[in-house]
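Given below, in the form of structure tokens, are the structures.
Consider the two complexes below, in which chain A is the common component and chain B and chain C are the respective partners.
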Partner chain A sequence: MTLQLLISGFSLGAVYALIAVGFAIVFSIFKFSNIAHGGMISACAFIGYFFQSSFEEPPPFIVTALFTTGVGVLMALLIDTIAYRNIRKKQAPGLYYFLMSITVAILIEQILSVFFGKNLHTYAPIFSSTTFSIGGLRFSSIDTLIMVISLAILSALIFVINKTKIGLAIRTVAISPSTSQLMGINSSVVIMAVFAIAGALAGISGVLLGTKFSVYPSLGPSMMTKGFIVSVIGGLGSLGGAIVAAIALGVVEIFLTYWLGSLSTPIVLFGIMLLFLTVRPEGISGRFAKDKV
Partner chain B sequence: MKKLFAAFLICALTASQLIGCSGGGSTAPATQAASAETEAPAAEKEAAEPQAEANTDPIKIGCIQDTTGGASSAGQPNQWGAEYAVRIINENGGINGRPIEIYCRDCQNDTEVGVTVYRELVDEVGVCAIIGPPLSNPASAWVDLATEDKVPIVGHFMDEICTTDPDTGEAYPYMFLVEPSSAVQGYILAKYALDELGIKSVASLYNTSNAFAVTQEKPFVDYFVNNGGEVLAEETFGWADTDYSAQAQKIASLNPDAVLLTDYANQMVTAYDNLRDAGYEGYILGANTMAAPFNTLVKNPVKDCYYVKNYDFTSGKIADLVKVHMEETGTDYPSGNVGFGWDAVQVLASAMQQAEDPTNGEEVRDILENKTVDIESAGEVNITLVPETHRPTRDMGMFIVTYNEDGTTEEVQTYLTSDYKAE
Partner chain C sequence: MSNYQLSLIMLACISIITVCGVFAITSLAGMFSLGQASYMAISAYLTFCIARYQNLPVWVTSIIGLAGCALVAFVIGMPTLRLRRDYLALMTIGFGQMVQSIIILLDKYTNAAIGFSKIPKVNNLVYIILAITVLIVFMVRNLKYSRFGRMCIALKNDDIAARSFGIDVHGLRVKIYVIASLIAGVGGICYGLRNRVISPDAFDWSLSAEMQILLFFGGTNSLTGSVISAACLKVLPEFLKGVKLFGIDLQNCKTIIYCLLIIVVINLRTKGLLGERELSLSFLRGLFAGKPRDREGGEST
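This part shows the complex of A and B:
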């Protein structure tokens, strides 16, 4: 049973990781927690669902995922243009980004609610069976796919950030946008690239979470609290830390729910968060982010 | 700077609140009527005297349903059923010659929003009665308001605390339930499990934040234990939870003969999939929220599921209602909630027809309490309310239903609610 719970914990952690990475990438540059990411996940889940439903025979999953990822990029750039660019121009404090992200998140969720209600919509199944067994242990097919994709995304992001020119530029802008500008880096392009990456992550997350659960307006926002916990424990802005924290949270949550029940579990989870904020505010990664919001 | 920040915050919150309210789903007729409302005082004064002999003024009633919230799959057809009933009543001459105007509002399955829209309907629109939702949480918040305002509320809020005071057992004067309560449904499910399925052990998985679920689970468990069954686990979740894998694995490891799931449709889907994914292969018993579209939303095959249902869709008025609802709204599955809305309006309309002044809340309330006898429901059974509880008598029928392999449903047992003994 312990091993089976561990597998479930990893599966749940993979879901949190997927959200946390999108969260962390924006934080690494802007130093604010992009709550709007949850709204974008929901919007992308709906777009993917309607894209898939527009065909008589549902297209392969990869087609829907790529389409939604592209839409996610466009949506993120649009949100940046409408919501954040002006704040950036005026060099407003980080709190304004945070407030704007909450506003955008509520706006998206309400628009989706008004147009589509809160009824569930379901993607066509990807796998013929929802689970598979290895050595007597049951694995969720979709959770396994989410875990593989999360790890692949993380690897790709770490490669891009550490080994490419755009990655170097992102790291530079993360330290100081104005200094990097003086050094000849076009920080506007870098910022757009970061939003595009976050949008792509929202797109793929929307399809995967929509397939795992169902599609409804609060799909993404309902995960944001856990995404926030993960990003704090992982070390705000740290991709690797977010992944480790996500898996740890998933495992701890499953075991606590099993042993203590669902009512007591949040008390312990938020207690852990309190402990981290007190003892190690820099989180697992050990890097202390400035202007935490 | 602080002022600027405060102003921005207020704007953002106000905007989200306004959007939430606009999502409140005021229907087109309601909007038209609401705009007419602003002109009403002068028009009413002019109209009052000539109409002294034959009053043809419209009777304003409210209808509060969840049409955009987590229970909107029930709320939307419920609202349609109420509006359709009003349409038919008006086509047949209204209430003693007076047409009914129905003003629909969306409570979003939110208690706070429910109070806001209640106040709007009573204070601004001026409704004299309200058709309530099949939601216990918002309805329980109207108990005192309805008493104070003398506005009868007729609906399907199944938690018994919406109709009777849990401490004294006395009925709340203005709250009326027109279907068997969630407790009754719990008893019926438990009785079927024991008598027909031969189940000896059960576990439950339910939402502790939902009054409907709590008040179905406890009677189920009580009845089951009192009649020789064993309860292996009572697992819970809350509104904020999105995954119940741990609870499902615990239940699967205990391997009870059956598991009771109770909550609204969205959570039922997750709970069912989590249980099957955890390897649980026994019977799954469910609330009436296990009806379609549950079978189209779950990712695992639907098998060995039994749930309570209020109507047999194949015959009677409900068959027509379901057909017209599907045609008019494009809904691709039959929903019993159209019958809920229909029934609530029939009960209210019957009381109003007997009243000298159908807009007098006190008079209508007295009639609802004492003279709601044999009102034919959409399911062609009679609704008679017990004056002491404001709930139907225990001879109102319900069905136990199961899914066939092809996704169709089959009624396997009919229960009169008097077929069980709760004690």
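This part shows the complex of A and C:
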């Protein structure tokens, strides 16, 4: 039983990691908390669902996932254009970025709940049986699939950030946008790349969450809360810390739900977060995002 | 006046009270709190549940409710406000979820998601709420122009510089956070008295976010601007009742309309409609005489 809980916690943590990384990558560049990420996740979950149900025979899961990822990228670029581009041009303080992201998050949630919120939608099942067993242990097939996909995407992302040229540029802009511009880095391209990555992550996590749970307007924002807890514990803007914290949170949450029930879990999690901030405010990664030196 | 008009006035007043709370924390101290609705919930539930189960009058228990609010704000604020500003916003979202879970967990007393409706009726409620609103707006105005408010504005513009001038940054942040939560608590009690029913769903994070939106619509640093936009934007959707566009009831879309409005306003006029100015007699006189005026409240960061 314990091992099974551990595995389902791991898979939940992998999804949290996808969400938290999409959030952390925007934070590392712009130093603001992109709350709109949660809205994008719900929107992508809905789009994926409608894409899938527009066919008579549901297309393979991979097609839906790829399509939604593409839509997520486009949506992220659109949000950047309507919400952030103008205030970036005016070099407005961070407060306004934050306000815009709240506004976009509520806008998406409201549009979804006014127009599509009346009934619950569920994705077509991917597997014929919900569980499979190896050596006497029963695994949930969807959880395992989610875990494999999340880990694959996260490793690809870590490779892109650490080994490629655009990843180097992203890391440089995260340290100092103006200096990196002096070094010949086109920061507007980097900014678009960051939003595209965040959008792709939102798209894929929307589809995965929609398949695991069902599709409803507050799906993204409610998951986003977990993403926040993860990024606070992991250290704001740190990708590695976010992944470690996400896995830990997933495991802890599954165990807490098993022991205490799903209602008390948010209370205990919040307590843990508050305690953690008191003891180690810089997060697991130890890199503290400072306003200025 | 008919009951409907009275209830509209009360709606506008409650909106003004809550936006004043957000003004104290966001415009004066430059911090984002998305947990204001949770403080409304805490004080409302404490007040009305104790009033019901201990048979005490509401004005006694409202003191207990507000004290509870302040205590919770202090406990949450102590560790969080030591950190970067972003942490507060993130923490308060988690806090909101926690408060909702607690309310649902204590369903023996709070009646969970169905809503707690055993709220005593108060006569002449509209005068009481109007008086409270005027008092709160006056207090927040005094806060802005007092020494305390100027210290907050210094803190907002640059906390390191503020510290170098001998301002206790952390203590000041905790104080303004507790004050803002208290004002939200007052709003919550008024909300309960007006609606006569409170349910956990009414106090989720989108209500807190709506307050922020109303504040920024009126003007980042302008108390009069935010008061006017809080009252107008909250009441205007009532006139959309029954208006249909493409077969969609516009009343349902009121939040969508808010959001589109604020996106347009921030894109065109980043600091909100009134920006940093206050709508006062001297401002109007200066406007017609065409004299340039000093900015009040400092630049926002």
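Rule of thumb we're sticking to: the second predicted complex is superposed on the first by the 285 of 293 C-alpha atoms of A that agree within 3 Å, B and C clash if a C-alpha of one lies under 4 Å from a C-alpha of the other, contacts with A are read in each partner's own complex, and residues count from 1 in each chain.
Here is the rule we go by: a residue touches a chain if its C-beta (ideal position, glycine included) is under 8 Å from a C-beta of that chain, and two chains touch if they have at least 3 such contacts.
These figures come from a predicted structure and were not determined experimentally.
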item: Touching partner for A:Met223 - first (chain B), second (chain C), both, neither; value: first
item: First, second, both or neither for A:Arg138, with chain B first and chain C second; value: first
item: Which of chain B and chain C A:Ser178 touches, first, second, both or neither; value: neither
item: First, second, both or neither for A:Thr130, with chain B first and chain C second; value: first
item: Which superposed partner A:Ser53 touches (first chain B, second chain C, both, neither); value: neither
item: First, second, both or neither for A:Thr81, with chain B first and chain C second; value: neither
item: Which superposed partner A:Asn186 touches (first chain B, second chain C, both, neither); value: neither
item: Touching partner for A:Thr122 - first (chain B), second (chain C), both, neither; value: first
item: First, second, both or neither for A:Thr103, with chain B first and chain C second; value: both
item: Set of chain A residues, in rising order, touched by both chain B and chain C; value: 95-96, 99, 102-103, 106-107, 110-111, 114, 222, 225, 263, 266
item: Chain B to chain A touching residues, read off their complex; value: 5, 8-9, 12, 15-16, 19-20, 22-23, 67-70, 72-73, 76, 208, 235-238, 240-247, 249-250, 253, 265-266, 269-270, 273, 276-279, 293, 296-297, 299-300
item: Sites on chain A touched by chain B in the complex; value: 1, 4-5, 8, 11-12, 15, 95-96, 99, 102-103, 106-107, 110-111, 113-114, 117-120, 122, 125, 130-131, 138, 140, 213-214, 216, 222-223, 225, 253-258, 261-263, 266
item: Complex contacts: residues of chain C adjacent to chain A; value: 26, 30, 32, 34, 76, 78-80, 82-84, 86-87, 89-91, 93-95, 97-98, 101-102, 104-105, 159-160, 205-206, 209-210, 212-213, 216, 220, 248, 252-253, 255-256, 259-260, 262-263, 266-267, 270, 300-301
item: Contacting residues of chain A [partner chain C, same complex]; value: 27, 31-33, 35, 82-83, 86-87, 90, 92-96, 98-100, 102-107, 109-111, 114, 221-222, 224-225, 228-229, 231-232, 236, 263-267, 269-270, 273-274, 277-278, 281, 289-292
